[in-house]
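Structure below; questions to follow.
Order of writing sets the labels: A, B, C and D. Residues in every chain begin at 1.
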């Protein structure tokens, strides 16, 4: 059962934080993202994560807008998010990413760290599938672009 | 290992869809929630889920605004979300919820179904902890309010 | 200068609140819309206004999603917004609308009132133009649908 | 009627684009800000404008979060927005700002330009008042901080 083994391996590396990031993006909290509790609203982190994936894809030569125009739409299948410590107004943070192919899916490991100390803010595993003209595909177009970045 | 057993049981019941919901809220997609792919953006579902929890709490006599003023803030610790089928412009859906206490945490099972057919849209497990004046508590104030709703 | 006269007349009626609304939609503030100041963030009101226009259009037989698929996109040209009194967590309010054609443009008068007392929350004039396949049009397709509602 | 004259003067300078900006902030559209029409949703521009004002205030030594903790809340009274040309996925733009005191209010002139060509995207006049412990004030704390920036 190679899939299970590989899954366990990912989890293990993930917990050990031995998985090397292949992309990092610095951002700053904007005040409109902070809710009545004085912390960044839980849904806003998904915006940060998506923006990081899209910036990474752009660097890999893949624009989501142009993929969409060709009928190709990467879509989320699953998100696992651990909220470690909330971001607040004016916080700076770095959004880090690694990626692994798993059958027809791509798993993005995405972690946020507050700057300058790099305290963990959030750890997430985001699973993406590729839809082409309404049908699930093996995502070869993504795999090709991600090539050297895949673990 | 009662926690593991209980966890497995929850997962089992959850998969079997035998867990009875204790709260349901009907909503409709608003066009500004739909992104360039023509589907509701992945982060917006967390807004739907939060709104459902808050409406449920309000019915249970707990207003988040008034809790915040007393220094009590329920915060997300973990979110597991399975995206089954995307919502689109003008879709009607129902947001369903059950809740279970797990040590100092509360686990909300939250599922969305498209109406009128009740096709699954999203299934989520949201884990919430209770912060009082900046410190983690056992959340007794929540437990008391949730009382009869806890499974 | 008929345009100026008509503009003055609209403003006059608007100030006098003698313009009869043709559509009303009740909504409730969702907690994720409230920012660190404890009030609904200024940008969220534009979401409320857009949702109201789209619900009105749907009733008039015009779906924005289906118009978009046919290459027709109503777009904002101008927004004038007077913030009277902020909405807060759990507030109920009603969103009211009237509409007037002005050359190739449509002016939506949109006002929000807190319930149950109907205190003014916000008054806005939203000017919309109609783009067809990338070019500005006279918006006849909108005018036809709005027909009886136009003032 | 000094107010009217001054208002006319502002409008005149504004139209002539002779008002010098005192702050500029470069940003990039994030894909989650783009709606089903393929353009940045109309409400998102208010987020851009707010973020620009807050970044400017931070440079002037004023943090909105710390003002809020002292009971001081600048709030929007009026927004006039002209949408010139929509931003799209991955667009870079610069957000420019000037500020003028007008009685107890502050008027921010805020314009967005697409980069690299600096085509106009949006022009706005945002009027802000200062609430202290729930009551309208003359905003002297803001005026002092803005000092040299006021026109």
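Keep this in mind: a residue touches a chain if its C-beta (ideal position, glycine included) is under 8 Å from a C-beta of that chain, and two chains touch if they have at least 3 such contacts.
It should be emphasised that the depicted structure is a prediction, and the values quoted were computed from it without experimental measurement.
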Which pair, A-B or A-D, has more C-beta contacts? A-B
So, what's the distance in Å between the C-alpha centres of chain D and chain B? 37
Starting from the mean Cα coordinates of chain A and chain B, work out the distance between those two points in Å. 22
Just the number, please: Cα centre separation of chain A and chain D in whole Å. 32
Residue list for chain B, restricted to those that touch at least two other chains: 31-32, 34, 36, 38, 41, 43, 47, 50, 64-65, 89
Chain contact topology (line, ring, star, complete or other): complete
For a test of understanding, state which residues of chain C touch chain A in their complex under the given definition. 31-32, 34-36, 38, 41, 43, 89
Inside the complex, what are the residues of chain B that reach chain A? 36-37, 39, 41-44, 46-47, 50, 64-65, 68, 73, 75-83, 86
Touching residues on chain A, where the partner in the complex is chain D: 30-32, 34, 38, 47, 50-51, 54, 58, 63-65, 88-90
